[in-house]
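Two complexes are shown next, each including chain A; its partner changes from chain B in the first to chain C in the second.
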Partner chain A sequence: MTYLAKPKFHHPDLPKNDLGYTHRDYEGTVSTLCAGCGHDSITAAIIQACFELSIEPHRVAKISGIGCSSKTPTYFLGNSHGFNSVHGRMPSVLTGANLANRDLIYLGVSGDGDSASIGFGQFAHSLRRAVNMTYIVENNGVYGLTKGQFSATADRGSKSKRGVINTDNSIDLAAMALQLGATFVARSFSGDKQQLVPIIKAAIAHKGASFIDVISPCVAFNNHAGSTKSFDFVREHNEAVSRLDFISSRMPIEIQYDPGTVEIVEQHDGSKIALRKLAADYDLHDRTAAMGFLQHHAAKGQIVTGLLYMDNESDDLHAHLHTVDRPLNELGAKELCPGQTALDKFNAGLR
Partner chain B sequence: MKNTDIAAPDYFHKVVDCQWACPAHTPVPEYIRLIAAGRYSDAYMINWRSNVFPGILGRTCDRPCEPACRRVRVEDEPVAICRLKRVAADYKDDITARLPKPAVRKNGKRVALVGAGPSSLTVARDLAPLGYSVTVFDGDSRAGGMIRTQIPKFRLPDSVIDEETGYIIGLGVDFRAGQRIDSMKALLAEGWDAVFVGSGAPRGRDLDLPGRQEAAANIHIGIDWLSSVSFGHVTKIGKRVIVLGGGNTAMDCCRSARRLGGDEVQVVVRSGFDEMKASPWEKEDAQHEGIPIHNYLVPKAFTYDNGKLTGVTFEKVKPELDAKGRRKLVPAGEPDQHFPCDDVLVAVGQENAFPWIERDAGIEFDEWNMPKVDQLTFASTNPKVFFGGDAAFGPKNIIWAVAHGHEAAVSIDKLLNGEDIADRPMPAVQLMSQKMGIHEWSYDNAIELDKRYKVPHRDTVVALKDIKAEVELGFDPKLALAEAGRCLNCDVQTVFSAPLCIECDACVDICPMDCITFTQNGEEAELRTRLTAPANNLSQDLYVQDGLKTGRVMVKDEDVCLHCGLCAERCPTGAWDMQKFLLDVTHAGTSCRPPARSAA
Partner chain C sequence: MPTASPISRVNDFVIRFANVNGSGSASANEMFARAIMRMGVPVAPRNIFPSNIQGLPTWYEVRVSEAGHLGARGGTDMMVAMNPQTFDKDIASIEPGGYLFYDSTKPLPASKFRDDITVIGVPLTAICNREYTDPRQRQLFKNIIYIGALSALLDMDVKVVEQLIGEQYKGKDKLIAPNIKALNIGRDYAILNLQCPIGLRLSQRDKVGDRIFIEGNNAAALGAVYGGATVCAWYPITPSSGLADAFTRHCEKLRVDPETKKAKYAIVQAEDELSSIGMVIGASWNGARAFTATSGPGISLMQEFIGLAYFAEIPAVLFNVQRAGPSTGMPTRTQQCDIISCAYASHGDTKHVLLFPEDPTESFQFGAEAFDLADRLQTPIFVMLDLDIGMNHHLSQPLKWDDARAYDRGKVMTAADLDTGKDFGRYLDVDGDGIPFRTYPGTHPTKGSFFTRGTSRDRYAKYTEEATPYVDNMQRLLRKFDTAKDLVPRPVQASAGKPTKYGVIYYGSTAPAMDEAIHMIEARGHALDRMRVRAFPFHSSVNSFVADHDFVFVVEQNRDAQLRSLIVNECDIDPVRLVPILHYDGTPITARFIDKAIGDHLDRMKVKPMKVSS
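This part shows the complex of A and B:
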């Protein structure tokens, strides 16, 4: 961390987005995490993604639980809505907020402790309910705030900083998300923003539950030899299934690709994802195959990254519940208490 | 791109824009930090060593450092470097005890310096303490040269000149006041071991226009007139005065005229206002005193009546680009304009004049009638004779004269020690970590957003009444502290060590100016297009280091780095460090000569 606030000066030729903002306008306060923390890179990737998408900051709600990762919403989108909730309870708070105001963009930020241990149930139910959100887990495999005990995502056989071997089986959150019905599942690495930024952009554009598992080395407690979440290990064992470019609905497709190497996937809002396949036999739209692919590579000690699964016909909780298009929090007494006649009519329908 | 060699003194020197731009390479950020710390005497001594005349330059320097200041690229206005220098001079304690002592033992070599201006005095300052017998000749009674005669007292009081020329004369220099050298041959015949010519560019250009001779009584050459004013020979001028010319001399002329009875002083320049040679602040000061500046007017004739000047006629011109894209002034086709006036001051440039150097004295002159002088050693074609200041390459300014003086002194010292003067000494360079703790640095790395502070001025009404009343009052310590805080400490360098880097991107993410990129290597032109933020300023280098585990390179664009040290604070492994780069130009003395071989 640093005691200095980041100076207000910025590069004079910094690009501006459609709203006239630079990426600096999407920053929060200066990070108080350890120097070199992977989470800060994810913060930077979120800032970059929101900047590139020209998102109006007041249209975003960032919600988190407890832990190093859950501190990070303070460090990005300083002009957005934020809720630092109870340990593991980010998904319920987010679900509630989303039900009340469906018009906002929801960023759920959590960690491996928050989502894979104390909030495991919450994690599962928010995904299976298809809450329209981008759920980001900043996954470092340790409890950093309590000095580096293994978390539930630490791989079996990996070594702690003090030399202890982990004997518990690990939870693969991306595999869980696939199994739970998330309609956008990706895994990335904090040290690879070229991969991470387009994934975050695509996830924000996706309607329904988007889940991103971001491996984020803990420089203080999990960046040593024997760790499977260190910078070196992840770089050596990274098996990217694809590289993608996100193309917003406003932009023409300008990028030239060799035919056959790229798949263009269109999303609900008209945005497109240009997918450059790296694993030849990988099918982005086959949920069960994706689960198998993950298991297969995990057994070989490889970390599969990239956009793993996407359903471009996805729906969300509001569609399932047939709620009105207008956000519930905007409904007034007139809409909510339409009067005796309406009640009688409604009751008659139940008889 | 190849790995950047930070061991080459020039690399980090260029990053310290102000020091690089300064002809004498004064370590600017180093003394600004001392001013901020209230250590005015220490700040003064750094300046004194490097530019010899801190009090004089702090008021009059042409400040090449300021347009170069990084703050211009980051914000808008440069740090007021020049006026901070003055603060060091104004608030220092008695520093006489810190000056070199006159040499106890002379080395038997005699050096003659012609002229007691800034270049000669610099040579004297560098050589006298080494034991040389230095003799300075000047036609005037007091030392200073153009500093004394051409700069109006309301910009530079005599007391400051006396003090700083006194420090040099006090080093055991033999100052022959009032002794003008009229013959180089005669001087050479006196058997000096070396002669340095620092006689300036003493001749003001004239305008040979109709009416010039007839109205001569009221047409004055700018620098001659200024010098007469300086010596008190001229104490008044007509009510309506026209100043011809757009340089700093013209600005001094018009402001002086304004104080000697010129109620309606106007400056008329051939070029556009923006292309005038005068420094922007000098133009501002003149306008502030109610002096209008008219542009695009070429003088055509002096008008007169009964042998008395009545005014000047001008032709209106406009700028036009010729076929080669050069700007030319062409007649605008408008009727001529006549400016009535009582006196004209001609300040259209000055030139060298060496009537006293016989052309058969063994010193070759070129086609422009200028001595042939080596750009590096300042030697003429007579190996014993050196030139410096305006005398060497035509009119420049004080700080250039000082820089020439230092180099010429090195040449003289080497020559008289039997060395090759073309073999120039390297500068002395230190690179030292500033780390004091995890988040502590031995410099103030917080970035101040303050705008440039204005130097308080004396009330114009009061200032215009007395030609000796100094207009600028200088920063007080409080303002100086605030202004010093604007300095970005560009000499505290970001030093990168690839073997320590784990490529966590922390520096990339925190950098407020987006200076840092980790990417595949490439050729510079192409690499510049792939960086985190545009790197369009080709005058600023890219710092490139390879040897990273992923095979990428670290590329840092030096252009707008704030030297805030956040990259180093955020680096978990200490791959980034903030290290102070201190470069001292090597002056005459043992360090400018290769170490003597051991007898054993």
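This part shows the complex of A and C:
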């Protein structure tokens, strides 16, 4: 139904957030992806998360690369500036944008081809630079737009729609993100909105590089028996380490869980995460343990989901570069140009 | 006895130092050049160095020219031969009647020398071994000792050198006295044992004026500071790394908030050139002024992004400090070889704005100007330096800035504009110059947002693959490029002073050699009108200049006559009318080369009237 324009009117009783916006104010144009695509569920989760966080839509910059996943920023936050850049290069464009204006919220949307193959380098370096962003990979293990080639996150031994067996080892982007120093690492499943929405909210509130690997089955090319990124496979092999609730700094904390298994984590902006641990031995703040946990379960064929690691003492690239608080793009000649007097001094030193 | 009479010239010669890199000679040699400048005599030094850190041959050439010729001349009048590896070749390169200065500690057979040059031996190693015990000191002071000896041989004002030593080691005052002592050891040896001065002499003048001594990379980086650049993303590559380094140094001095001590700039050393241009595009899209510094191979890596910036119309500034290609080529040698690869960078139909500074002063001016042009035209701007401009010190006009000058941020719609109900179409040409309005992200809660993409779109930034809006957009981009012709720096013209059918076009670092060569060509009895092109797209005066002459020489430093091809292509000119004069061996072009190439060509064409014999 993508040829139909989305109607602008909505029900007068739609719930409003603190800014007076409804859910509809966070939507974009109608998706042109295949019906049932996991990516559309992620889009819905992003809309939900931004609505619940009462983010002003125009204060978000949504940046993507190339591919099915990278098309999705048109489908959410229609009042935000978006940038569909080149294949695998979302992280550098986002880094530059972030340097120019530290006050916006940066949402980087990428796919497994975009981030694990052509853009593997940029994925890695943006995380190690601690760019303040939420980096979402919509991971379906397959090249959708070019019709079904394996991507680098496809598991070894998994079968393509045409029946080809993948003989290459797969890249686990969440494990890589941990190794590279991302200060917020999560994995979720597009079919699990209960888990995904709070993770996105917490990631947006996190200061520093937040990375979310979202397994998102491709209904056209990777949802068959033999695929390890199909709805059925992921549901059967999902090993959730945590369930979380995101509590903004304005809301009172109401812990609905059994206190013995709940951990409250406070973030920089005062927001809190109530984390219900499902794996009793899991330590959210231990990077090396998280890496071990992931590998241990991967070896058993299990896909670990949930918030995997978080550093609540994190900072970002601007802190490292010690830049001024005001966005650099607001500075004018008065602040930037030293003028003839400084030039006279400079000239005098070169004679 | 020399068979050629020794060259005898005051303030007009070339002295070349042959050293081993990593031996500490560079700062001593630079001090030598600087001392000549302080004596009021124009000087043009050039560093000829390998892509290596230690152990390979390196040369430092100092051209002394009271007449003010700052291009490379070619030939060596005096060789300071400190490198045994290149000794024989170095001696062979001395002009007849020239001078050889060498370390005579170890006696060399007469066969090592030439009988048409004057050989001057100073036992530098023996002196150092006698004076110093520390091996590092022996090496470093050897350089200062030979400068001392040269000061006597060339009749140099030693006080100037002593003063420079004082300035160089300011803050490390312990080093001043030993350096001055070394200087005098060399000087005293020469006065006592050698015939001083020789035929090449220096004499105090007042020909330098208020000019400054600076490398193009340093000046271009300062231009970026003055032009308001706040974001620099780069990846190390010779010969452009010095530009990013200089930008860092300038920012640390000039761009730190005095109260908070925080930086009004962000510099990121990226993981590669793809990332550095990506960051520049992201930052510019978001309303900051951003640039990268790179060289030819970096430009090759940036191709895809450059096309995006062209098509999505995002400002970007790229400093390309050109080096000899193709591939890794000769990374420490100079060329003007990326003209075509930058002018038409990326896939599809693309054209880009190039600026061609001739020296550090213009590198500063164009370095600042590039940011206004990028914002005004919403497109990548390439500032085309080369290794000769970028890495060598040039005696240049002092840098100037008009404090009344405001930055031109181009067509940007603000929240207030949007609230007045102005129609915002990101790719809508409202006034015929081909340049649309843009908005910065985060401007307005409900108006002015748009989606930036490399795919085709209509005037309101809506995705489309329809033929009409695509062609409409591509035509508008051509209109914008036409607008650029009158915004970029105009060519500089000089008339031959009398009617002539011939002209010459040149650009960039060729300028000083051309300025000198014109006198030589005129001395042969030829007249040439001159045009120094300073930017692409070409101003209409380029077309008329070619039209006004029977033919025009195009002098450039590449094999394929790249600027000539660009003129032929863009100005629709019959190629026969443009005669390529090409110098591309990696060394800077010389006046002698230009004179020979153009002069011989014109000589051949000179019609000799037939005499009727009686």
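Please note the rule applied: the second predicted complex is superposed on the first by the 325 of 351 C-alpha atoms of A that agree within 3 Å, B and C clash if a C-alpha of one lies under 4 Å from a C-alpha of the other, contacts with A are read in each partner's own complex, and residues count from 1 in each chain.
Heads up, the rule we're going with is that a contact is a pair of C-beta atoms (placed from the backbone, for glycine too) under 8 Å apart; a residue touches a chain by one contact, two chains touch by 3 or more.
Quick caveat: nothing in here was measured; it's all calculated off a predicted structure.
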Contacts of A:Cys218 with chain B and chain C, given as first, second, both or neither: neither
Chain B versus chain C as contact partner of A:Asn79, first or second or both or neither: second
Which of chain B and chain C A:Leu180 touches, first, second, both or neither: neither
First (chain B), second (chain C), both or neither touched by A:Pro57: second
Which partner reaches more residues of chain A (counting touched residues only), chain B or chain C: C
Touching partner for A:Asn329 - first (chain B), second (chain C), both, neither: second
First, second, both or neither for A:Cys37, with chain B first and chain C second: first
First (chain B), second (chain C), both or neither touched by A:Leu321: second
In the complex with chain B, residue positions of chain A that touch it: 1-4, 6-15, 24, 30-31, 34-38, 40-41, 43-44, 190-191, 193, 217, 219, 223, 231-232, 235
In the complex, chain C residues that touch chain A: 37-38, 208, 210-214, 222, 225-226, 228, 230-231, 233, 254-255, 257, 260-268, 270-272, 274-288, 290, 304-305, 308, 398-403, 405-407, 439-446, 449-455, 463
Residues of chain B that touch chain A when the two form their complex: 73-75, 439, 445-447, 449, 502-506, 508-510, 512-515, 533-534, 536, 549-550, 560, 562, 564, 566, 569-573
Parts of chain A lying in touch with chain C, wherever the complex brings them together: 56-59, 61, 63, 73-74, 78-86, 89, 91-101, 103-104, 121-122, 124-125, 129, 317-318, 321-325, 328-329, 331-333, 335-340, 342-343, 346-347, 350-351
